[in-house]
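Several structures are given next for inspection.
One chain, subunit A, links the two complexes that follow: it is found with subunit B in the first and with subunit C in the second.
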Partner chain A sequence: MEELSQHIANAIILGSSYAILGIGLTLIFGIMRVVNFTHGELYALGGYAAYMVSTVLGLNFFLGLPVSILVGALVGAAIEFILLRRIRTSDMDTGMLVMIGAGIIILNSIQLIWGGVAKSVNTPFSDVPVVVGPVSVSSLRLFVLVAALVLIAATYFLINRTKLGKAMRATFQDPDVASLMGVNIGVIYTATFAIGSALAAAAGALLGPVFLVTPSMGNMAALKAFAIVILGGLGSIPGATIGGFILAFSEEMGAGYISSGYRDAMGFLIIIMVLLIKPTGLFARSERVG
Partner chain B sequence: MKRFLPIAFVLVLVTLPLWMRDPYYLHMLVTTGIFTIAAMSLNLLLGYNGQLSLGHVAFFGIGAYTSALVSLGFDVDIFDYTIVHDPWPPVLGFFIAILVTGVCGYLIGKLSFKVRGAYFVIVTISFAEVVRLVALNWMDLTQGPLALTNIPPIVLGAKSIGYVSILGKVPSYYLVLGVAALAFLLISRIVHSRYGRAMIALKENESLALACGIDVTKYLVFGAVVSAAMAGAAGSLYAHYIRIVDPEIFMFMNTVTMVIMVITGGKGTLYGPIVGGLIFGILPVGLRVVAGPEVQWIIYGALMIAILLVLPEGIVPAIQRRFGLSAGNESKERPPADKSLVRGEQAL
Partner chain C sequence: MKKASLLRILGSTVIVFTAWSTMAAAQSIKIGVIEPLTGAFAASGNYVTNGAKIAAEEINAEGGVLGQKLELIIEDNKSNPTEAAAVAEKLLVSDKVPVLMGAWGSSLTLAVMPKLAEYKVPMLVETSAATKITSLGNPYVFRTAPTSVMEADFFKDKIDAFKLKKVDFLVVNNDWGRGTVDDFKKMFKTKGVTVGLVETIDPAAQDISAQLAKMKSSDADTLFVTAAVEQLTLVFKQAAALGFKKPIITTGGSQNPDQLIAQAGATADGTMHLTTFTPWVPEATAFPALTTKYVEAWAKRGYAFPGVTESFRGYDAIRVIAAAIKGAGKAEPEAIRAALWKVNLDGLVGKITFAKLGPKGAESGQSTPEFRVLKIENGKISVVKN
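After this line comes the complex of A and B, so read on.
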């Protein structure tokens, strides 16, 4: 029982970061119909931003998160402005391939700048875990949980309560009508891609200090983000939020009770099961498939 | 011109080891050839079926592992049973690899063609990743990260005529060239058959193809099976040539390499993957002098984006249009003879 509650606590912490990853990816897909293959690279970039702030420059650790969000947003906006703008009318496959090309460029640039050796991010937190009843959690992980929940709440607020969010939702429903109503679609697309990228970078800045920062850290993160959005349904933000937690739970339980070697395989098993049972995902509208 | 170009190309390929003695260049050509076969197989899915499969390396890797394991032998415990397999000749490994990857292609096709577009792409990536994790973790069978080593080279021949061991650069070159030629002929036969026309029809307009009575899933799965089996053959050649296989073979970058070859050369054309394969096989030879691996990849990525933005159809269709060389193998073209059209309609 103690073991189980520990697994649940770990899953909630991990799931909050997964949810951020998933929301970023699903937001971009829902509004722009683009599968963002740079998502993993932006995640890694976020991790490196935190590393630069905290370890290399020796600044305050808590500055790492906002800096990585800024870096993610800027790089995302640049990708949208330079590449995606040109292929908006092309088919989805072209968009995916262009994004793969962009992903390769970012990944190898990261490797060129920081090298292939894993880096660790300095944190001000002590190694002594916080013990609550049967569960013990490191204070760093508690910070990750709180920060992630704040970011999720902020994203929901942005989309549901602000004017920009309203324009984004309108574009999601029908870009042409939204454009007729005076929404500047180009600006919305740039903003959407910047926000989605910023969320990926934020997830990297949160999980980078927990694990290690490596150039290829984004590969697995991107695949997990894909699993999350398939589970929740591409384009569904609540789906991605819940999907993130479901993935974290199945990974924790799978690693704890089946085999730790197949921890990363859980996401893909979920994908296969979702496809067999409900191909549209848990929350998406049925038109998304086919 | 139309006839002369392919003949000259084949002549150059056949005589190449006679005047190209440098083992490094020959090695590049052998690996280029292997990847070109894989790219040709991917083209069947990407160019003719119109499905962007980004898990293609899974079949390549399964082919490599199957062939290596058949010729090395293995013993594994599955639940309470121990399966012991004694080493078989590598040639059998080659054919069993084709069989196994074909079956995998069928199963994955059946599962993943339930969905289209972005879902399909993600499913195929996930499949490759699952296979990689199995190769990494099933230590009994695959040795995990320790890799399968000392894979024997392919031995060709029969008792009556003697045996040739395909060891070294020149024999490997001719073996790969032979398999590539077979793969090319097979694809060209398929593309110009009723199956090929059905595949192209459902690529152009799936609903319309469905309305015309084309069994969409059947032709998609057919494409997947042939494509997977061909990639498996390429993987088997790779295993017996490089003679070591580890889970790194399933890297996403290997799929990306194949995709770049197909896209650059021209998807949905017979010559596209060959042109793309040669470009990206030979490019590293020139690039490695001036740039490290990271810069090379950055150049590839930029090149891929540039091709997609400037020449979305690829090099081969662009050249054909420029010089008016409609070689009769364009996917976009109508079937050349009226006869075949009529036959196709009757059969449908």
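After this line comes the complex of A and C, so read on.
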């Protein structure tokens, strides 16, 4: 029983970060219909930004998160403005290839700058865990949970209660009509990519200190983000949020009770099952076809 | 300048340059080095490669081998077995190296081994520990690193000293980790020690808390962990976060205690590590003078000290290869292979000489290094004497 509560605690904390990762991708995927293969690399960039702030420059650890968000937003906006804008009229395949290329460039730049050795991010939290009954959690992970929940709430607020968010939702429903209504689609797309990438970077800045920061940390993150988006449904923020938690729970329970070696495979299992049973995802919105 | 003469000058420059570089290349003996320079094992791969480079530089400074300079052709296997086989093919076919060193991880080395038999080129295995590398019957494999069987053998007499009655295993899910469990299980059975849980970690996994949560509630007295240094760091940190209190012993030789202390901090205290080289205590190594000289050479090149604990393998390996080439009298694969059997060298891990291991008629060469157990306490490394 105590093992179970430990697994549940682990899953909730991991799920919150996965949720951010998924929300970022679902916004880009949903609104822009771009298969964003740079999402994982932005996650890694966020981790390295936190590393630079905390370990290399020795600044306040809590500065790492806002810096990563800023870095993610800027790099995301740059990718959209420089690369995607030019191929917006092309088909989805072109977008995919361009994103793969951009992802490879970012990954190798990270490797060139920081090398292949794993880096650890200094945190002000002690190694002594917070113990509540049978559950033991590090203070760092508690911070991650709180920060992630705050970011999820902020994103929800942005999308549902601001004018920018309204414009984004309109663009998601129908870009042509939104454009007719006076929405500057170009700005919306740049903003969407920037926000999505900023969220990926934030997830990296939160999970980087928990684990280790390596150049290839984005690979697994990207795959899990896709699993979450497919599970939750394209463009659905509640879907991505719940999808993130479902993924974390399947990983924890699967690793704890079925097979620890197949932990990361749980995400793929989910993709397969969702595509077989309900391909549009759990919270799919009705999409306009054509 | 007229277009024709410009073209002519350009053309002749290219021809002269190509001829010059081919000539220069013909003057050197090539050694193919396959290591993980990127990917999950990048840290270790880079250390080993740097150690190899130091050996090559030292040998070249003393005149090289057979009057020629050693040239290391270094390829990155990206911590991926498929990639390891691919770069091995490139080195063997395109660069036509007469001898190889590599490929760090057991799964990586196993992926390269079929190529050795295909192209009949020997390889010096410097780090991989999976026993089957030298027991499968590939006569082109020569290993200076210990096998997991040797590690298990070493523990046979230490069971009482470490008070082992029931042990759990947490290993990386590849040939190295799984091979270690198999070999240790066989040994423990003969000594009446029970093996409890055996959990695996994916080589690229970062979250090990699920496995550790299981270990925490098990009734074993000690946890054996076999993983590379990055995952060991994660294991220690996450174990501490879960309130895991049992003693941890690591095997495999890829622990890099300095990096563990630097990255895992206080969570590494109390952990013990089975290794073959203890540069912090030169007197405890096989040849203290050699150890000191190597540590100084490493520091002189500006590398951080933690790398010594893995780079020595590259250093020893290249020196063994050089000795074999010298003994062979020519840089040809078959001659080098025959000469490797006759090598008797003072290495950083002890005397290096190859014994036959494996099925008759197709034996591989296996050397037996000396073992030590380290303990980390309060951020300091000490050699456990018993």
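In this section, the second predicted complex is superposed on the first by the 284 of 290 C-alpha atoms of A that agree within 3 Å, B and C clash if a C-alpha of one lies under 4 Å from a C-alpha of the other, contacts with A are read in each partner's own complex, and residues count from 1 in each chain.
Here, contacts are C-beta pairs under 8 Å (C-beta built on N, C-alpha and C of every residue); 3 or more make two chains touch, one makes a residue touch a chain.
Just so it is clear, the model here is predicted, and its values are computed rather than measured.
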Report clash or fit for the pair subunit B and subunit C bound to subunit A in the combined superposed model. clash
Tell me which partner A:Glu252 touches in the superposition: subunit B (first), subunit C (second), both or neither. second
For A:Gln111, decide between first (touching subunit B), second (touching subunit C), both and neither. both
Contact-wise, after the overlay, does A:Leu14 reach subunit B, subunit C, both or neither (first, second, both, neither)? second
Touch check for A:Ser120: first (subunit B), second (subunit C), both, or neither? second
State whether A:Ser138 touches subunit B only (first), subunit C only (second), both chains, or neither. second
Should A:Ala154 be classified as contacting the first partner (subunit B), the second (subunit C), both, or neither? neither
Counting only touches as set out at the top, which of subunit B and subunit C does A:Pro129 meet: first, second, both, neither? second
Looking at A:Phe211 after the superposition, I want to know if it touches subunit B, subunit C, both of them or none. Which is it: first, second, both, neither? second
Touch test for A:Ala227: subunit B only (first), subunit C only (second), both, or neither? first
Which residues of subunit A are in contact with subunit B in one complex and with subunit C in the other? 111, 219, 261-262, 264
Going by the contact rule at the top, pick out the subunit A residues touching subunit B in the complex. 29, 35, 83, 86-87, 90, 92-94, 96-98, 100-105, 107-109, 111-112, 219, 223, 226-227, 229-230, 234, 259, 261-262, 264-265, 267-269, 271-272, 275-276, 279, 288-290
Per the touch rule, the subunit B residues reaching subunit A in their complex are 52, 54, 111-112, 114-119, 121-123, 125-127, 129-130, 133-134, 136-137, 252-253, 256, 259, 263, 292, 294-295, 297-298, 300-302, 304-305, 308-309, 312
Residues of subunit A defined as touching subunit C within the complex: 2-3, 6-7, 10, 14, 111, 115-118, 120, 127-129, 131, 136-138, 141, 211-212, 214-217, 219-220, 251-252, 255-256, 260-264
Of subunit C, residues touching subunit A in the complex: 37-40, 42-43, 45-46, 173, 199-202, 204-207, 209-211, 213-214, 216-217, 230, 233-234, 237, 240-243, 262-263, 265-267
